[in-house]
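The two complexes that follow have subunit A in common; it is paired with subunit B in the first and with subunit C in the second.
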Partner chain A sequence: MSSDHIQPRRKRSRDWTPALLLSPAFLVLIFVVLVPLLFSLYTSFTNYRLIRPETLYDWIGIRNYQRIFSDKHFWSAFGRTIVFLTIALNLEFILGLGIALLINRITWGQRTLRTIMMFPMMFSPILVGYQFKFIFNDNIGILNNALQDLGLSDGAIAWLVDKPLGMFTIIFAEVWMSTSVFAILLLAGLFAMPRDPLEAAKVDGCNPWQVFRHITLPFLMPFAFIAMTIRSLDVARAYDIVDVMTGGGPAGRTELLWTMIARVGYDNSRMGQANAMAYVSIMLSIAFTYYFFTKLIAARKYMGGAE
Partner chain B sequence: MKFTTMKALTTGVALSLLATGGAVAQDYGSFEGYTLRVKLIGGAQYEPLYAEIARWEEMTGATVDVLSRKNHFELDREIKQDIAAGTLNWCVGSNHTSFAPQYGSIYIDLNGVIAEDVLAGFQTLALENSTVAGRLVQLPRHSDISNLFYQKSLYEDQDNMDAFEAEYGYALTPPETWDQFRDQAMFFANAPTFYGTQYVGKDEAITGRFYELLVANGGALFDEDWNPTFNSEAGVQSVQWFKDLYDANAVPAGVLNYLWDDTGLGFASGTVALNLDWAGWASFFNDPENSQVAGNIGLVRAPTGSAGLRSGWSGSHTFSITSTCDNVDAAASFVSFLTSHENQMVEARKGLLPTRGSVWDAVIAEFEAEGNEFMVEVFETYALSMAEDAFTPPLIPEWIEVSNEIWPRLQGAILGEMTIQEALDEAADATRIIMEDAGYN
Partner chain C sequence: MADIQLNNVTKNYGKLEVVHGINLDIEHNEFVVLVGPSGCGKSTTLRMIAGLEEITGGEISIGGRVVNDLAPRKRDISMVFQNYALYPHMTVRENLGFGLKIAKQSKDIIEQRVNEAAAILSIEDLMDRTPAELSGGQRQRVAMGRAIVRHPQVFLFDEPLSNLDAKLRVQMRTEIKRLHQKVKTTIVYVTHDQVEAMTLADRIVVMKDGHIVQVGAPLDVFERPVDTFVASFIGSPPMNLIPGEIALQDGRLHVVFQAENTMPVPRDLADKVVEGQKVIFGFRADDMMPKAHSLPILGEAYDLRLAVDIAEPLGTETLLFSTFSGADIQTKMFNPRRVEPGEVMDFNCALDKTHLFDAQTGKSLRG
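So, the complex of A and B:
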């Protein structure tokens, strides 16, 4: 056989090699991500009731979407989810930044502190929910008893029921559990930070605030936006903590999209309608992710990094 | 609409001991090497029965694999996921008369599967309420209705008696009406250290309480054509009761986040004067190791509403066998064992209300022999309320969904976010859509 015949065959097999090597990853993505996504998208256009599998083929067009878009309780939960996300992410960022800066200054026991700092992340969200449900319980909770014993309160504060306090408690629990995500990523940023610009700034007479504001913070922002992207996806689908602490109540005061989706999908068995809600929630997550990626690119550009 | 009553239970209580002859040794068969997969309701009061499972395993040679042991709301979600995913690869599940209608045909008809002589031992109406569309889809384990526990010493205190009469104009005796219940709860309350009463404040729990008060006040959830009618004057009057107590700080501030464990443990902590609750707590309340009110508990039947009817929301915890079960004989043997006279006695000793008439008489006789007057009073009081006051919620698949539309609005009204009438109107509109979607009207 001549080399003229062998060459194109080798070339053809070389052409297929990347596709073949990538195919397991693509197959996994198709079956684990794409197919379930398309399936749930399809069900959002059906009257799919969880307890009646035959309703999976009951096509009702955009009725589920019409129903949720005209439901004021859905829009309240949607708005509350955005508020929850915004406050939780900003608090986690500020607290995480503070913790990272403090730990970065420590020269002895830093590794131990880093480990301790990650403890809250190691708990299951359900356990965290029960822990804070007990702490904030109006009657037997530690917090109210402490406040009463210290003479700071003479009544039982309804932490889990009161309108602003209910949201405060679930945000508090969420922030307690996940601030360390920000702290760890920002600490990694601080470790990676070159010393030269800091020393040059000090030589040029910058005070500590100016160094932080114009050098440290811009350098850390790409890390912060990566943390925000990850956490926004987490917080936007917050469910466990809220379900345990308040169940979205009372009177929907702490109802977020996913507590509502779970109730509609599982308790009411209206999985078609729940999936329509879930798709709106996904759009919200995509919007947040897009926003944070835009900010990430801008921050990297500002620092002279790749776009 | 038809509200199923349980009035026939009295007859069952009185006569079925004679019919069944009490505890009879039963052959549960042999299923050597077989593993029975089950999903059971969990919780402190349900557990003593499960300690008996080892005896069934020993008698039959089978092994029981408990796949789940969760509260009923979580178990309900899991079962619905199993239906959707086609993973009903287990045989026996805990069920409840209020939940059963929504599960369609996943559970088999036990008529013909459980021997007739075994079924004959159960109270007729408990079996009727376990029947959905003519199929006996569940075997009743124990029943549930609420009566009013109170701290006796509060009613024996002369200062309390004088002050109450001066303020409310009638003598301080345990409440006979829901209005008196409200007056006395407000009178005893001294927040944040002591409360007049408490109520379950969310989920189907508060819907059920509202429902029974609605009936006691002469209202109804639906008319005969399944149009919602709970936004009536009786409905407003019923919600007003919850709101008045909340506004007066006569209940704990966090009560709208409370469920059954919170109210039971609250009464046992000694910080609550009156507690409308099921009998399952009775022995716990009177146990000095667990309860601050042990030896100081009085009990009266649930109060009457403005229509002169007593509240009596009731239902039964049950066991069902799946249609996909690979060994129906073993499953039938297992549920028969768990609901046997002997095992219902295990639960009745804790205060859970049996569904076999023979057990009522046997357990009362046992408590009398022990000189346990409190538990005798508990069973006699609950026997009366099961016989004369009990009614179930509508046994329709849409009940839980309807309940999920009602309770957030009840909370909204209690918290003053909307008027009671607005809240009930909104819940009625949402309920109407559910019923229309389901083809009722």
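So, the complex of A and C:
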């Protein structure tokens, strides 16, 4: 008799249990990701200004997008971000590959060196930015000081101000900070690499360069593409280092997408327009991620890793 | 012509010497198998011939040219590895042609040679697959194909069959032998499996603890092992070895075992032993069989009775397990009949085919 009472309750609870257990995750996703995402998408179609909340309901259609697409400052920031991304990622890949190959050959003290290699990642990007700002400062910077003492330069070089140099110093700081991400991932790849194909290639007539080119590098490419995917997202949202070192200036010479978005959104308080830019930037990131993922899957297919 | 000479070759890892002064002459087109238990230095020796390990001392020459300081790619060799070592990101066709491509051969030659090798190994259907899509046996075939296409002076095989299952191993063994008959080349083959060594080799090189123990044709090594190690390593089941002492009985030298069992010393060994000498008596399972179930015995026969503890029928023959003076021994029975456990049977021992080893050194007294 008692079982008759329990049965329906059990049945009902069984139906609801999965939904109940998943609900916290769904709630978090809805309120933390989905709502803000939709809200910012909505605001990108309004004339929303932070200091005038009532503008939140000022629907202006795609005018924000029209404005930024016809703004040549936006396009130069967009282009600069792509250039920054391309140069930084490639430099970090090449340097990281070199470091990984060298560390892989060390037999004594490798662990210590691996730890030391990670040091740059332990600092906040803001602090790295300050550090390089003072190293590259034209009056009191240690670099100019050294160049002048060595007699390599007679004047003060305006590292953070001159047109190509400003970008160069920011890339330099970025590369300094993040090359170890590539190095550590590629090193993991080298550790996982089977030795037999390398020896087979040696016997097959390859010189050391050919072994690297035809065997080692193809094996490492999946690892490189994983690093590229992660890093492309990181670099595409670069803000802190740039803001600290140059603030996107002078005269917008080092302006990247996110420094521009932050300035338009917070300094000029045109949040609607800033959100429109942010959506373009997200599209750029998605494009890069998609590109690297395609490459990754193609590279992994041959290794027998995927599918 | 590609003969290989090893002159007093040694290999050290740090202070540890693992190969102690090996001397070996391998003739042109000869199939030589290095065999021994793991850690005996056979793979290291092969890798020194390949150039994948540095030679610490001595000299290796291939085709009359000293190769000590030559990189592997300049030695004109190819090698088949235990784990196949195929290039995972290339198709079978690319794997086969890779060595030729590196050697900057023309496309026509590459295609012709690759197709030729594919035909020899019947892997034409697999040409566009990647190694991940192949079975173990197919990978092994591709690995051999990759070795063939370059027409090298020397083939090196490093335990190529040990990752395959038993049936495939037997099949591939035959194919390797067939391959050697088709593609006449010097082959150095490393294995820990004495059956592979016996079946494949023109000459077997038995190694132990970094030394060469015996070199010879398979049957020579089988019939005339130089010491107890070779006697128990080569041949299946291993040779029965029973310790005893030489004594004079009824005017003839006998080996006296524990529990007062005896066995006459074979006539051709009578002048090699003295009374009181400690020896190890050895005989193969085929040389001690129950009467009416044995092969015809050449030379002197000796009769004895043995209780059979266990019988393992294999079809054409049955393996019999007994205890003889404290030693476990295996004998064989042809035209088998059912044997009850504990049954006492009359055996014939082919005395002239038995062996005597010095108890201290383990060396054969046949000299």
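Rule of thumb we're sticking to: the second predicted complex is superposed on the first by the 276 of 307 C-alpha atoms of A that agree within 3 Å, B and C clash if a C-alpha of one lies under 4 Å from a C-alpha of the other, contacts with A are read in each partner's own complex, and residues count from 1 in each chain.
One rule holds for everything that comes next: a contact is a pair of C-beta atoms (placed from the backbone, for glycine too) under 8 Å apart; a residue touches a chain by one contact, two chains touch by 3 or more.
Please read these numbers as outputs of a predicted model, since none were measured by experiment.
Student: Looking at the overlay on subunit A, is there a clash between subunit B and subunit C, or do the two fit?
Tutor: fit
Student: Kindly classify A:Asp196 by the partners it touches after superposition: subunit B alone (first), subunit C alone (second), both, or neither?
Tutor: second
Student: Of the two partner chains, subunit B (first) and subunit C (second), which one does A:Gln210 touch, if any: first, second, both, or neither?
Tutor: In the superposition, A:Gln210 touches subunit C alone.
Student: So, does A:Asn139 touch the first partner subunit B, the second partner subunit C, both, or neither?
Tutor: first
Student: Between subunit B (first) and subunit C (second), which does A:Pro218 come into contact with in this model arrangement: first, second, both, or neither?
Tutor: second
Student: Give one of first, second, both or neither to describe whether A:Gly79 is in contact with subunit B, with subunit C, with both, or with none.
Tutor: A:Gly79: touches no partner chain.
Student: After superposing on the shared chain, does subunit C or subunit B touch more subunit A residues?
Tutor: After superposing on chain A, more of subunit A is contacted by B.
Student: Which partner chains sit in contact with A:Ala158 here, subunit B, subunit C, both or neither? Use first/second/both/neither.
Tutor: First partner only.
Student: After the superposition, just quote the angle formed at subunit A by subunit B and subunit C, using C-alpha centres and rounding to the nearest 10°.
Tutor: It works out to roughly 150 degrees.
Student: Contacts for A:Tyr266 in the overlay, against subunit B (first) and subunit C (second): which applies, first, second, both or neither?
Tutor: In the superposition, A:Tyr266 contacts subunit B only.
Student: In the superposition described above, what is the shortest C-alpha distance between subunit B and subunit C in Å? Please give a whole number.
Tutor: 51
Student: For the complex, give me every residue of subunit B touching subunit A.
Tutor: So the residues of subunit B touching subunit A come out as 73, 76-77, 80-81, 83-84, 86, 102-104, 191-192, 201-203, 252-257, 266, 269, 271, 397, 400-401, 404, 408-409, 411-412, 414-415, 417.
Student: Considering only the defined contacts, which subunit C positions touch subunit A in the complex?
Tutor: Touch residues, subunit C against subunit A: 50-52, 71-73, 77-79, 81-90, 98-99, 102-103, 130-133, 146, 150, 156.
Student: Spell out the part of subunit A that touches subunit C in their complex, as residue ranges.
Tutor: Checking each residue of subunit A against subunit C gives 194, 196-197, 199-207, 210, 214-215, 218-219, 299, 302-304.
Student: Using the touch definition up top, name the residues of subunit A that touch subunit B in the complex.
Tutor: On the subunit A side, the touching residues are 50-53, 137-140, 144, 148, 154-161, 246-247, 249-252, 263, 266-271.
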